[in-house]
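Report on the structure given below.
Every chain is named by a letter (A, B, C, D, E and F) in the order it is written, and numbering of its residues begins at 1.
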Amino acid sequence: MMRANRGLSELRSISFEPNIMKYAEGSCLVKFGNTHVICTASVEDKVPPFLRNKGMGWVTAEYSMLPRSTNTRIERESSKGKLSGRTQEIQRLIGRALRAIIVPKKLGERQIHIDCDVIQADGGTRTSSICGGYIALAIACKKLIFERVIHQSPIIDSVAAISCGIVDGTLMADLDYNEDSNAHVDANFVMTGAGKLVEVQATGEDGPFTNDHMNALMLMASNAIKIITKKQAEVLAEVDFDQ
Amino acid sequence: MMRANRGLSELRSISFEPNIMKYAEGSCLVKFGNTHVICTASVEDKVPPFLRNKGMGWVTAEYSMLPRSTNTRIERESSKGKLSGRTQEIQRLIGRALRAIIVPKKLGERQIHIDCDVIQADGGTRTSSICGGYIALAIACKKLIFERVIHQSPIIDSVAAISCGIVDGTLMADLDYNEDSNAHVDANFVMTGAGKLVEVQATGEDGPFTNDHMNALMLMASNAIKIITKKQAEVLAEVDFDQ
Amino acid sequence: MMRANRGLSELRSISFEPNIMKYAEGSCLVKFGNTHVICTASVEDKVPPFLRNKGMGWVTAEYSMLPRSTNTRIERESSKGKLSGRTQEIQRLIGRALRAIIVPKKLGERQIHIDCDVIQADGGTRTSSICGGYIALAIACKKLIFERVIHQSPIIDSVAAISCGIVDGTLMADLDYNEDSNAHVDANFVMTGAGKLVEVQATGEDGPFTNDHMNALMLMASNAIKIITKKQAEVLAEVDFDQ
Amino acid sequence: MMRANRGLSELRSISFEPNIMKYAEGSCLVKFGNTHVICTASVEDKVPPFLRNKGMGWVTAEYSMLPRSTNTRIERESSKGKLSGRTQEIQRLIGRALRAIIVPKKLGERQIHIDCDVIQADGGTRTSSICGGYIALAIACKKLIFERVIHQSPIIDSVAAISCGIVDGTLMADLDYNEDSNAHVDANFVMTGAGKLVEVQATGEDGPFTNDHMNALMLMASNAIKIITKKQAEVLAEVDFDQ
Amino acid sequence: MMRANRGLSELRSISFEPNIMKYAEGSCLVKFGNTHVICTASVEDKVPPFLRNKGMGWVTAEYSMLPRSTNTRIERESSKGKLSGRTQEIQRLIGRALRAIIVPKKLGERQIHIDCDVIQADGGTRTSSICGGYIALAIACKKLIFERVIHQSPIIDSVAAISCGIVDGTLMADLDYNEDSNAHVDANFVMTGAGKLVEVQATGEDGPFTNDHMNALMLMASNAIKIITKKQAEVLAEVDFDQ
Amino acid sequence: MMRANRGLSELRSISFEPNIMKYAEGSCLVKFGNTHVICTASVEDKVPPFLRNKGMGWVTAEYSMLPRSTNTRIERESSKGKLSGRTQEIQRLIGRALRAIIVPKKLGERQIHIDCDVIQADGGTRTSSICGGYIALAIACKKLIFERVIHQSPIIDSVAAISCGIVDGTLMADLDYNEDSNAHVDANFVMTGAGKLVEVQATGEDGPFTNDHMNALMLMASNAIKIITKKQAEVLAEVDFDQ
């Protein structure tokens, strides 16, 4: 199987547009091809009950899709009155990914909410949310330092994520919705800028896969994440509060 | 009381960006100053139970705000598990406003969902949603005609809305969030392109107001809506499926 | 169109039966023709969180219909597990109407709950609830003064409400259920005893209406509310705690 | 322990006011002293799924209290979003009691909803609901026969209920709220007009009780129910559809 | 009607297996024939709000059935999002039964949760839960004394329960599911070891029953409970913390 | 770091007790050390809506913990009214794992519900559930064949799962609760009897990990799963419907 417009290990066109939201402490519109997600970081001077009086901060994430972000309109979870299992799984994943690069002590007793709202979905919404959520989080932390609320960044590395999979026997990176729907193996990798793994989730619902496949997917993801990491660093270098 | 940047009866800078969503049958990003709302129209070949087998269509609306569309992050209604009274009130209002300019028989047995998602909020989100929702609805109807699904437009007039109010004793149109928070009287008007009223909602929670005030607000609204109507017509004139 | 038993601007037979509930601080059974609503006022020595330690009181309202208050039995909202949009809209309206004639400082840090339970419904349940809710509220305030809990009444005016509408091209006041179901324009007006507007809600779902219609409805409502105001004053004059 | 105004086995002043609701097929305002309950019977031409196509009917009951039916305002279950265990227990009891005197085949495939709404509560609301619910049910059945919908009454006996208890070591019938709160044993009995038992519920939460006590309570209840049965018969004899 | 394997007043084979749960303060697997229930007692150093600062403890119970404890799989109440009326009725009954033999003052400000999880159901799950819940509770109290948290047992008697009923005109004790489904009268009795009644619940949904039947059921239950009480005492005598 | 009672790659004592539930089509009590889970398979002649009339079956899973399966009592999700994100994540994982070894066509239009109820929890409840769920599923399929409902087994391989992790820098297999709580990396692997991967989930919330670690964990899991697979085969070989 070939791809019409890009190589098998090639990413879609990606972009990070920082500071697109007027009120949020940090924000970013992230695009992976036709997948567009607004990520915001909101700083709150209060931590969840289990962390109170411990001098530590917390990062948490929420995820949602606009009803018409997809080809067929999906019902709002606010109208249904509960979050689906899929939504909860995704927002737990985003939260874990971002907490992996944070030193809670350095954040002090404050919580940062990362909201990821999918405006348009074409596969890879959870990995895009992690990539864009990192930018929003990093900007919010820069702002806290600039405003002398904290003195050292709680961020110790960058973090990014990508999906890779096997479609019709072919390995490929950064699956779009159509590829994802036809994938026999669907894997999501979260890695730090330093090249370490934070989270691996690989699923072969239509049938199992081999260790060799797993290793090949891991390698492909690792290369993709290097490219995203570079892009993230460039974007953040441009964000400046000092002027 | 004076306004820094515009006259008392002057609207904020407004714009309608049509067709911004890849999948929706109709869509529009509407901006009234810093209030930005994504409106989409989704056509469904099914009507609600109370209309089945009557040969008539239906238009319904949903409304939501991104958690960080506002100065202070608001909790998602999907997490809380229920819609607030405010949200329900607003989406019922948008639905009524749009149904007022539709001939249900001409739509056939199909439902159009209008989703209004507030990306950024600075007052007037419900009236902006009506203005942008009309554009999304009109585009979706054009598309149904272009695709020969229906043969006549079910739309018989345009519809727009504006808020007017009394702040510190002064009447003003198109209130931003700050003005709205300080208003003694807050009124929303929905009117057709032909200049007729569809809905009037005026509230004086901090104290009552006179008939004369009511009439002055109504006149101010009527003028504002003429300007919006003209803008809506210009935008729709540009939308074309024939090329 | 003519009415069989009353003039177009004539109210149905109305009555207020005060103190019908054994336990409530204030209560009233209000009847507008076949619409019967029990209104109670319950005083609580606690305000909602957003008002704590501000020395101000609050008035809030709840609204419900008995399952068989209507021609066809309606399902209980307690069984459905949530309040409908209509119920929330109505109880928010009643609350705003009653707060418009209250000076919160004079109430002290206490909350008055106004419960409006519709025993029988024949149109105009929300406006009847406002009219009867005012009586219940006024009695509760009298009682607080009589018991020397507060020293000045927090009530600065009376408040009443009426529905007016256009049915088959004819303007009429105090619509019953049958008229309301056939109305092209349905408007609710809340006004003070001093003749000022508190809330205006006019809807033309089956089609728009003119400014002239709006003005005629407003005038009709104003006359109707004068009659209700007089009745309310008479009823309250009879309520006495001193004996 | 003595009672101020009545003998220990004496009932409070009781009354049944039939046909108080304009729309219901059957209705009754039942009063046991200061306990007042509106009972309505609503006939629906549809049975619950488990009975479909079996040629049998069903009787079901719902129970609710107005927020200010009691000394201290109670929160609405519709606002809390769920029915309490107490409410469910009571409405299941009322339903069982009324089904005990019904021949489902004779009702045909229709359901009768009995709604019991407590307007004022002073103990014994569940037993009063059964007594008044029977009247509403019987009137609805009379109406079905009068309208020739069914040809034979599905009702084969009357049913009534009473609470008895032991307060400070003294047995007494028809406990008011104050007595009920201080009772060591609280028992509810449901019996038919023919003097048979339908339901016995006796509880000794503050400590256990003897078989002799149980038998004495049962005897006291039996006498009380004879009086209620007579009253019910008198009331129903007056209800007539033939005129 | 005869029973194949046991006399009409004979119990099924019963057993109590104490301390089957690793973590609970008290636990017991109770079996009445094919009805198997795991009962645990969990001690918490906190009482419900209505008991705070009164120096008294509380015992509460929860009840649930495994989805496949029954012949046909039942949906989980956690998936449905609410407890059924039946579940709430049962857990309220278990709680009342256990509180009847407790002196709250002697427990101090702590709460004991009794969880009754039905692993397999063949009739009599609520009465088995009471019998086994008592064992779990008694072990937990023994443990509190052994650990010198309290100095005197709050338990003043034992408690047990049994169902009796009338099936095809025949009285029988300890009904299994098949008998229960065919019973005309179904009664549950809760009694103390000293032979007093704690709770009586008798229902004749398929038709009423006589006082004589009631008395015969009560006698049968009383004999059955003596046997259970003896068994409970034997089991508890074996439980020892001193070794 | 060393383990007191077993080698680092050694499993805890494991056992599968088949057919422990009287009513279920298949069942198994699985134990991994102190983690005990009851797994049942319930066959239903109906598939979810998205599969209707496609001639294919479905396997779905639900997961729950008894309130006192853990050291500290956990609140029931049925009482809280919703499933936690963790529960939903786990039951989705179990379902995917079991569907990976099923040929839906061979099952016909029927659904098998796998219920996993944790009686006692000491780490590894989700992996144990998969291992035991497979046994329950396999027995249910055997039974369908024995009863000639289907003619070929829909099962094409066995499936098992294990957790591995890094605790204090040391890799170890089959983590108990204490080890899991202290793990820097926590990974769950689902593999088939043929040695292929079905699902990989590795998380490093306290910090990232290397590819080498990932590979070592994968190898360790692969060895562990071979042992479990053998045990599963032995147990199933003993289950026989032909006698």
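Following the convention adopted for this analysis, contacts are C-beta pairs under 8 Å (C-beta built on N, C-alpha and C of every residue); 3 or more make two chains touch, one makes a residue touch a chain.
Only a predicted model underlies this, so the values are computations on that prediction, with no experimental measurement involved.
A.B. asks: Counting one step per pair of touching chains, how far is subunit E from subunit A at the shortest?
C.D. replies: 2
A.B. asks: Copies subunit B and subunit C touch; is their interface built from the same residue numbers (over half shared) or different ones?
C.D. replies: Looking at both copies, the contact residues mostly coincide.
A.B. asks: Indicate the whole-number Å distance between the mean C-alpha point of subunit A and the mean C-alpha point of subunit F.
C.D. replies: The separation of the two C-alpha centroids amounts to 29 Å.
A.B. asks: Whole-Å distance, subunit C centre to subunit F centre, using C-alpha means?
C.D. replies: Taking the average C-alpha coordinate of subunit C and of subunit F, the gap between them is 60 Å.
A.B. asks: What whole-number Å value describes the gap between the mean CA coordinates of subunit E and subunit F?
C.D. replies: That gives a centre separation of 33 Å.
A.B. asks: In subunit B, what residues contact two or more other chains?
C.D. replies: 81-83
A.B. asks: Looking only at which chains touch which, which shape fits best: line, ring, star, complete or other?
C.D. replies: Drawn as a graph, the chains make one closed cycle, so a ring.
A.B. asks: Using the touch rule from the top, collect the residues of subunit A that touch subunit F in their complex.
C.D. replies: Residues of subunit A touching subunit F: 82-86, 88-89, 91-92, 96, 99-100, 157, 187, 191-192, 194, 196-211, 213-215, 218, 222.
A.B. asks: Within their complex, state which residues of subunit A touch subunit B.
C.D. replies: Residue positions touching the partner: 21-24, 27, 34, 38, 40, 42, 44, 62, 64, 66-71, 73, 76-83, 87, 113, 115, 117, 119-120, 122.
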